[in-house]
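Shared between the two complexes below is chain A, which pairs with chain B and chain C, respectively.
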Partner chain A sequence: MGLLTASVLAQAFALVFDPYVLWVILASAIFGLFVGAVPGLTATMATALLVPVTFFMPPVPAIASIVTATAMAIFAGDIPSCLLRMPGTPASAAYTDEAYAMTKKGQGELALGSGLWFSILGGLFGTAVLIAAAPSLAEIALKFSSFEYFWLVVLGLASAVFLAIGNPLKGVVSLLFGLLVASEGLDNPAGFPRFTFGSAELAGGLTLIPIMIGMFAVSEILRSVGRIDEPWEMAQTKIGNVLHGMWGLTKRYPWQLLRGSAVGTAIGALPGAGADIAAWMSYAISKRFSKEPEKFGTGHIEGIIEAGASNNSALAGAWIPALVFGIPGDSITAIVIGVLYIKGLNPGPTIFMNNAPAIYAVFMVFILANLLMLPLGLAAIRAAKQMLRAPREVLLPVILLFCIVGSFAINNSIFGVALMLAFGIVGYVMEENGFPIAPAILGLVLGAMLEENFISSMIKADGRLLAFFERPIAGSLGILTIVVFSVPLIRRTMAVPWRRSEK
Partner chain B sequence: MPGQKFGPAWFPGLIAVGLALCGALLIGSGMRQRAPWVAAPEWVHSPRARAGIAALIGGLVFYVLAADALGFHITGVLLLAVWIRLLGASWRVTLPVAIIATLVIHFSFYKLLRVPLPWGVLEGWAF
Partner chain C sequence: MRRRSPDFWSGLALAALGGYIVVQARGWDYLTDDGPGPGFFPLWYGVGILACSLYLVLFGKDSPSDWRGAGRALATWAVLATSIALLKWVGFALSFAALTFFIVAVMYRRPPVVAALVALGVVAGFYAVFPLALGVALP
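On to the complex of A and B.
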């Protein structure tokens, strides 16, 4: 299976190095850099906005545009961190204060340069793991039945809740909301219309893309408009050769770079947690194990290196479960899975047999995008001041009109626009009240899979719950799930007397 | 048929139980912390942000209701003009941007990607 033959590689090469595909990659790169650099526009939003456009492309350029745009956006998010003290995307928030402190100290060049350099290295690391791990995991996954898939989905949903920042209870609510929305329509094992209220539009089930555009783009626009009175004050910094000194930093902090990339890839691969959580974790790990933790927060490069590599490596990591199991590793791949289905590249272990050239072409795009980041990233840093001067009062309305047309274009139906508006408001209210969005999206994408695998397992097992533990892999996954769920509970019961004694 | 007791109502029912439970727990912890029942977001103090948010949501509702009758082009220009102007740009910026952005979307989506954007009252002048 999935044997990487010279002919597959040659086909993949031909798919990528086609003038049309290269043009799409370049355009998406510029789009991604801009979206990433402007605070309030995120990488997930870039993906949601790209989907209506990719709808009309062949599979490889469609996927390539998303891969390229997100990689560029996550890097570019570092630029306003250094210049405005505002993260360009949530993935840079972990070290925004640190990067800005460096600029204030006159080390803005160094901070911008390491943002670029270590984003590239982290991205290449994550890509290498993706290329190595995904096909071999697929080989194991070929033997999976509905029992294993059921546990995988449960584990994925659990990790989305536990990795979310803030109140885990709110994470559970968000997840359940996503599952509830997913259960809407005719598409369930019984083929019974649920929550359709007699409407033909609702019977078809809620289309994912308008919901995603609502939750990731419209809610973000509402938030930006709510904060439109906040001035953007640019810190003055000389921008010369930003790559100066990068090789020295790489030699000085090799361990931080490796650890950041590895943690980032792992967090990316865990469902529901993406580049933003990877950066927070890596920054915390960096501080925890640093020889000079007291320097963190005063404009110290170490945490920026580790977290900057981490968030870019998380992007590629998230594709591992997405391609092999159809379980998204982050919000971006939650959207990507929908695109894969539309393009006939159904995710699952057989993707490496049935669609090997296309998948290896996607892997090549990952490498290419990270290499392309060097020249384009340098150009973006030079153009940063112009990009950040883009007037928000013009930009936000134009993006919103684009969202309207994008939501409309999926089914050519005005119902898509209504759906986008409803979920835009829901997403905005959720985020403002501390309910993380990622678990809801994961629930939305995995709801049908969860129910289907549960019901078909129950039918196979004749209603015996114990059957979920009888196959070796299913049993191990089941026990792992129980452990994952019980650890926080045990910790909580242990923590209560301790907290009381503190009072 | 075996497994039939897990019918179409079973899964949403389970979710409902979970949501009710989490809701009760959240209300409990909110009461313990004496959190206010309703808190206003910061933007209610900024007239520009307030007008902007109201116009965005109102405009989207307007689009859903009116786009089929008025057509994409009129609705698009109208909404952009209102939004951009309310967020603080001058008319000299607002009008050209509203018209050009709508035309760009027309050419990229209607012409290039063949999305059937509604023409509405402009049906006779479709291009």
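On to the complex of A and C.
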């Protein structure tokens, strides 16, 4: 397969370096930097808000706008971390205290500069892995049958639950809720109407994008309204040449950079686990293996380097399962998959055969977005104080109206707006009560795939469950899934006597 | 009366949902000649939700609640729902100008004149971008 010929590259190059596409990339970069820098607005929300705009674009600029905006947003989330002690996006939460402590110590420039520099390097690392791994993996995936796909889906669902931050039980509930919503309508192997209440619109099944806009964007707006009273107090810091000393840091902490980028890409590639979990894990790993762990929490740069590289590399990592299997690596790619279908770039192993120029163009956009982050990121840091003063009372209604227009534009139907409204409150109630949203979204995206592949496999195997383990890859994936399910249970069982003896 | 934890109430709500799903799914074929029927997956989802809800009701942990913030969020949602319901009768401009006015004037406590100007500007901006520039119909 591969299909990376000179002709494909030339076509991809022409697709990206078109003035219209370059203009879209620049505009979405500025949009992403703004959304990322404003606390309460997330990279996922940036993606959801871009959806209505992407409807009217050809496939490559549509996807390019999402790639660029999210890369910029994840970096820009570091800016309020340094200046306000508030993460701009959840991906910066892991090292917000560290970055703010550096600013308070008079090292704000260093914290902001390393946020930018190591985001770029991490993003480029993740992109390199995406370019190398996705086509090779697609070649293997061509041989997959319903058995392998079934296990892949179950493995993805399992990792979404066990990697979710917080209570795993609530992760399971969230996942089951998503699967349940996905089972609604006539679109099931039996063609049987489920939970339709006699409504023709419900019989058609629930459209994903309005649900995601509701759960990610509307719920976030409701949370922001709930926190109106929280004041933003900006730390004072001089902002000059923030890149000064970055080369020295790169030479001093090369392993932290590589490890953060590698862990970030791997975590990103796991379904349901995105940039925020990657950053938390990398920060913890950095502290665990540091020669100066006692300095963590006091304004030490090491954890910022590792976790900062990790969260940006996770973005590209999440695209690997999304493109190759149609399984989202994070909440951003869950929305992207919907956009890919709308644009006729149906994800799956054949995407590299049927749409090679467009996919390589997307890879080029990843590289371009990370390179563009340097000048635009520097400008964003300089304009940070102005961006953080943006009136929230104007921003919130504008975002809300974007959500409404986006949900309406999918089918030009008010039903989409009603879905957004209903799932907006569901998402708000879930998050306020500690139920993570990501597993629900994954369940929603993968529910139909789970059911179809299970039923096809059962029919092929004539009801024999052992057939799920008979093919080599299916068997390995099955065992891996069982291990993923068992490890937390074993750890919990072993931890109880240990805790008792400690008392 | 002892104050119940938010997990307890979440568990009760989930138990109701799980119970409803199980009752519905039991009315559908669980297994057919061709394999699992339309009731197979929903039944297990319902059973899973019921089991988890039981755990939450019995062992759920207490957590602090920001009732004031929740009240504001729910009020905003209710006004959003009303403006969407009114769309058909009063149109996009009026219903969403009213929504914006509510958020700015009531939630952010800005002067009514400022709120009216923001509402007008936002709705005009959306008309300029979507129907005029992009040729996209608004709800």
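Rule of thumb we're sticking to: the second predicted complex is superposed on the first by the 502 of 503 C-alpha atoms of A that agree within 3 Å, B and C clash if a C-alpha of one lies under 4 Å from a C-alpha of the other, contacts with A are read in each partner's own complex, and residues count from 1 in each chain.
The rule is short, and it goes like this: a contact is a pair of C-beta atoms (placed from the backbone, for glycine too) under 8 Å apart; a residue touches a chain by one contact, two chains touch by 3 or more.
Quantities reported herein were computed from a predicted structural model and do not represent experimental measurements.
Fit or clash for chain B plus chain C once both are placed on chain A?
Result for chain B and chain C: clash.
Going by the contact rule set out at the top, does A:R194 touch chain B (first), chain C (second), both, or neither?
Both partners, chain B and chain C.
Check the residue A:G434 against both partner chains and state whether it touches chain B (first), chain C (second), both, or neither.
A:G434 sits against chain C, while chain B stays out of touch.
So, does A:V398 touch the first partner chain B, the second partner chain C, both, or neither?
Both partners, chain B and chain C.
Is A:A418 touching the first partner chain B, the second partner chain C, both, or neither of them?
A:A418: touches chain B and chain C.
Look at A:M234 in the shared chain and tell me whether it touches chain B only, chain C only, both, or neither; answer first, second, both or neither.
neither
With the touch criterion stated at the top, can you tell me which chain A residues are shared between the chain B interface and the chain C interface?
52-53, 55-56, 169, 172-173, 176-177, 179-180, 183, 188, 190, 192, 194-195, 218, 221-222, 225-229, 392-394, 396-398, 400-401, 404-405, 408-409, 412, 414, 417-418, 421, 424-425, 432, 451, 454-455, 458-459, 463
Given the complex with chain B, which residues does chain A contribute to the contact?
Spelled out, the residues of chain A in touch with chain B are 52-53, 55-56, 169-170, 172-173, 176-177, 179-180, 183, 188-190, 192, 194-195, 218, 221-222, 225-229, 391-394, 396-398, 400-402, 404-405, 408-409, 412, 414, 417-418, 420-421, 424-425, 432, 451, 454-455, 458-459, 462-463.
Using the touch rule from the top, collect the residues of chain A that touch chain C in their complex.
Interface residues on chain A, with respect to chain C: 52-53, 55-56, 169, 172-173, 176-177, 179-180, 183, 188, 190, 192, 194-195, 218, 221-223, 225-229, 392-394, 396-398, 400-401, 404-405, 408-409, 412, 414, 417-418, 421, 424-425, 428, 432-435, 450-451, 454-455, 458-459, 463.
Which of the residues in chain C come into contact with chain A in the complex?
Answer in residue numbers: 6-7, 10, 14, 21, 24, 28-29, 32, 34-38, 41-42, 45-46, 48-49, 52-53, 55-56, 63, 66, 69-70, 72-74, 76-77, 80-81, 84, 87-88, 96, 99-100, 103-104, 107-108, 110, 118-119, 122, 125-126, 130, 134-139.
Considering the complex alone, what residue numbers of chain B touch chain A?
Within the complex, chain B contacts chain A at residues 1-3, 5-9, 11-12, 15-16, 18-19, 22-23, 25-26, 29, 41-43, 46, 48-49, 52-53, 56-57, 59-61, 63-64, 67-68, 72, 76, 79-80, 83-84, 87-89, 93, 97, 101-102, 105, 109, 113-117.
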